[in-house]
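Next up: some structures, all given as structure tokens.
The same chain A turns up in both complexes below, where it pairs with chain B and then with chain C.
What follows is the complex of A and B.
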């Protein structure tokens, strides 16, 4: 962006226009990708919208019936609400655990850093299914957590951890952690350490320095991390169904149930659209925060 | 249309070769794609049905593509004119949607050697039944000392927090609910007693699994000790050393047929029929019945043997007497409403 402005500026100022036609055609470089998106992303999306506009499961007549059905039942709104809330819980916890981890990374020596980055990235190198099954082993009645609690005498009978929302949030936080930590590391390592020294020299304690300098300057990383974590947590079909179980219904399983089990494609399409718009809404909110934070940083 | 010399030569050579090796006359546009089930089903079908089929067809090319019935329907209905699958396996619920959506071609009964030997209940011209699946009570014999004999045993207070079920997305979960309704005065058209019974079961419920596979995992993890379960899933767990047993409820084992269908518009319809023929053959079904597969045969010529004879039925007469079948045409009409209700009402 800045590079482009730098090149155009002289062209505008002087008569030398040689650079112009080349710039004019730069957009053609984006054509292959644009075509790819149009064919494999926009078209299916439009088809999805079209399917959601059928009034009946047999897809014979058009109408807004599916949307009316969705919004007319508080149960559906509760499913949507609990899914969006699940994302908030997971994102808040990943931020809480991820921030110190990212901070520790930027403050460590090179050897420690390579060990930390391995630990951070490791979850990404295992399949999500394997990671999720590991959580079933950890949270089960005979699992590590329950055995520990029982042997320490902290519980009389095994606790119900698997197939509870608490268990699901814990599993999702671990599974999505890299998505939060990596953007944070990027932002935090770009911070000029002199800024903290300066704030210390001006009399700010470590906490004040953190709250007034580090935290505001790392806001773009926080926003990026939250965005990724949130989107991944609300759509985590595998983890939601395997750790959440068969009676906790979230939007992804709801869509799966309507398409695959019940063949009600129009309703499934309508739920998908509602879900997508809701998640986009939350993402836009994050983005607004991000923009506000940038203003704050530059001020 | 014009032919050049090379094409004519190639065609001539092909024809010559085909008369030399009659097996090759199974003209193949592409590999025959057999959509089997996932997990041990695929192994069983690869190890037993495929070799028999290849022998019968002179080594015709075949590929196995494991997935769930519902996924097969989704794939085939998305490409009706040129389906990516030639043979589909169906549980009773999906079977009716396949027939309803006109996705299957009828099996050529008149040309079949084995069709007449199938048990009458499996003789379905839209796609014959090639094995049964059975649902009974599964339990951990180390934790459950008295073997259960009735569905009512799940309600015993000593199983507090240790009973598992699946939700109604699966055939297993739906069949269990229908059977529950039946044992308590309802049926396919009156599911009310099942929901009432499930509410009473809630203190005992340790888990509502999202699918039958997850239910099996829960036995392995010690999360649950007793549940409705599929006979074959139990055999897989037993083979892995998990302490788990299958018990026939006194009201009968819930049974359903798995049917094999030729996909409509399949370019390999003849080969598809040959594959189903192999799956019905008594020698194939005899082999599939034995360890480690334990597939319940539909061919009346198969002698019941081993674990199947011990745990399911010693012969076809006992099988007929102890199997309970449900009316899936009625179930399918009501299922969407039931699933919606289950979503709303069953919380642990």
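What follows is the complex of A and C.
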């Protein structure tokens, strides 16, 4: 709450009349990017909507056939459902492990912090192919996990870990962890330590202090982290296709398959639109939660 | 006595739970990268970990791997072009959006950031539809355009964050002392936001170098990029050379990260 007032205060107190003329012309600086986005981002997306409205793969007739086909088949709905659910699983696990890591970061000294931050952002900057490749080495028949299980006598024959949902979730949690931890670090470092001291002085133990003070006040960071993690996990085409293998079908591979292998552009476009709308729906839900949580915090 | 007992038990269990989870998270974050690095020095033909014996043979084999080298060269060239354009367009837009509280600024901000949450594969398909409808053949240029759209948000985000730290009073005093707009930008604004632009450009480069969803639809045969080449290798044959390429990429990434941390305070800009 103190941070919010600090940010708004200069704008309110500053001599608004003196600043006005400067602001007046600065909007022109946004024009090049706005034009670029209008042509190469908005127009393609609108065209995608138009293509999805073709009734047949040869694109001769208009109609809602592609959408009727998508929603009329339980197979398609299962693919959409498992994709959205995959995101929920990955996000929940990322939060469970990421929150303590962010907490550890804010409690460490400066030297430790720089070491931690490099480990945290390492997966973000390593190529997605490399990261996915690592999981193939770890989870494969000859992989570390299987070797460990065999030598400990916990398994008789190598287990199938690759191409399972458990393996995919583990890989995605690693890949998306930085997106959760970074916003959490931001909110946790802005927390006033006096609040926790006060709660301790009033007799609350660390668990209660955490649940009643730290956790509620860090809700905006949690929401921001969940939003980024979720969006990245459901759309992670490469990890899904390499670690998930051909056993499970998720929306991104479904789109790719319909476009490249089957050349059914209208259906691929319809799947894309359904997928985008679903993801945006979840993101907006998160955003609403975030706004509600901010209201809660500042109340 | 129970009053004394409870807090210590509480703090011990709290520290244990948080510490264990944080430790597991660190292991999960770092282990895969280390595993690839170690595997890349194997002497054998399989991706066994730990390797039976060590050698540099797979790194040596990269010297003749012209397909991989060509792909890496395309990716580097592409990354450079995409980063330069994203940095200019993104910084200009951030300067416009940063100071304004109007509805249009918030709307544009949401629009420019939306490639981050939109499925990139759907955008790749949309671009393919767009260029084929317009009758434009796929080329390095169409590939770069697609990449710029998904790379700009990073520059915008870090530049906006560093602009928020720029005290408006500085700009006003510079102006009241008679400095022109351009002079103020060069001497006051730019030095303040330079690190933010640098960090954003760095991440934009990494994201372009690593992009598959857009490249998949936008690249023609002559412009094959490295991650797609690697993806094909991993899908088809699990070639050990892929481990060596990964080793090179990890080494370059870590080196770049450390340099960026020293020069621009990368980690501070990301938060």
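Operating definition for what follows: the second predicted complex is superposed on the first by the 270 of 299 C-alpha atoms of A that agree within 3 Å, B and C clash if a C-alpha of one lies under 4 Å from a C-alpha of the other, contacts with A are read in each partner's own complex, and residues count from 1 in each chain.
Note that in this section contacts are C-beta pairs under 8 Å (C-beta built on N, C-alpha and C of every residue); 3 or more make two chains touch, one makes a residue touch a chain.
Bear in mind that the values here come from a model prediction, so they are computed numbers and not experimental data.
K.L.:
Could you say whether A:62 touches chain B, chain C, both of them, or neither, answering first, second, both or neither?
P.N.:
So A:62 meets neither chain B nor chain C here.
K.L.:
More residues of chain A in touch with chain C or with chain B?
P.N.:
Higher number of touched chain A residues: C.
K.L.:
Just chain B (first), just chain C (second), both, or neither: which does A:186 touch?
P.N.:
second
K.L.:
Between chain B (first) and chain C (second), which does A:263 come into contact with in this model arrangement: first, second, both, or neither?
P.N.:
The first partner, chain B, only.
K.L.:
Between chain B and chain C, whom does A:75 touch in the aligned arrangement: first, second, both, or neither?
P.N.:
first
K.L.:
Identify the partner contact of A:48: answer first if only chain B is touched, second if only chain C is, both if each is, neither if none is.
P.N.:
Touch status of A:48: second partner only.
K.L.:
Per the contact definition in the header, classify A:142: touching chain B only (first), chain C only (second), both, or neither.
P.N.:
A:142: touches chain B and chain C.
K.L.:
Considering only the touch criterion stated at the top, classify A:279 as touching first (chain B), second (chain C), both, or neither.
P.N.:
A:279 contacts chain C only, not chain B.
K.L.:
Answer with first, second, both or neither: which of chain B and chain C does A:242 touch in the superposed model?
P.N.:
both
K.L.:
Looking at the overlay, does A:163 come into contact with chain B only (first), chain C only (second), both, or neither?
P.N.:
First partner only.
K.L.:
Please write out, lowest number first, the residues of chain A touched by both chain B and chain C across the two complexes.
P.N.:
The overlap between the chain B and chain C interfaces on chain A comprises residues 133, 136-137, 140, 142-143, 241-242, 259-260.
K.L.:
Can you name the residues of chain A that touch chain C in the complex?
P.N.:
Those residues of chain A that touch chain C are 7, 10-11, 14-15, 18-19, 22-23, 26-30, 32-34, 36-37, 40-45, 47-48, 51, 96-101, 103-104, 114, 116-123, 125-138, 140, 142-144, 147, 170, 173-174, 177-178, 181-182, 185-186, 189, 205-208, 210, 227-228, 231, 234-235, 237-238, 241-242, 251-252, 255-256, 259-260, 265, 268-269, 272-273, 275-276, 279-280, 283.
K.L.:
Show me the residue ranges of chain B that touch chain A in the complex, using the header's touch definition.
P.N.:
68, 70-71, 73-74, 97, 161, 165-167, 169, 173, 206-211, 214, 217-218, 221-223, 335-336, 339, 343-344, 346-348
K.L.:
Quick one: which bits of chain A touch chain B in the complex? Just the residue numbers, please.
P.N.:
75, 133, 136-137, 140-143, 160, 162-163, 241-242, 244-247, 249, 253-254, 257, 259-264
K.L.:
Give every residue of chain C touching chain A within the complex, in rising order.
P.N.:
Those residues of chain C that touch chain A are 6-7, 10-11, 13-15, 17-22, 24-26, 28-33, 35-36, 39, 46-49, 89-90, 92-93, 95-97, 99-101, 104-105, 108, 111-112, 115-123, 125-130, 133, 145-146, 148-149, 152, 164, 167-169, 171-172, 175-176, 181, 203, 206, 209-210, 212-213, 216-217, 227, 230-231, 234-235, 238, 242-243, 246, 249-250, 253-254, 256-258, 261, 266-267, 270-271.
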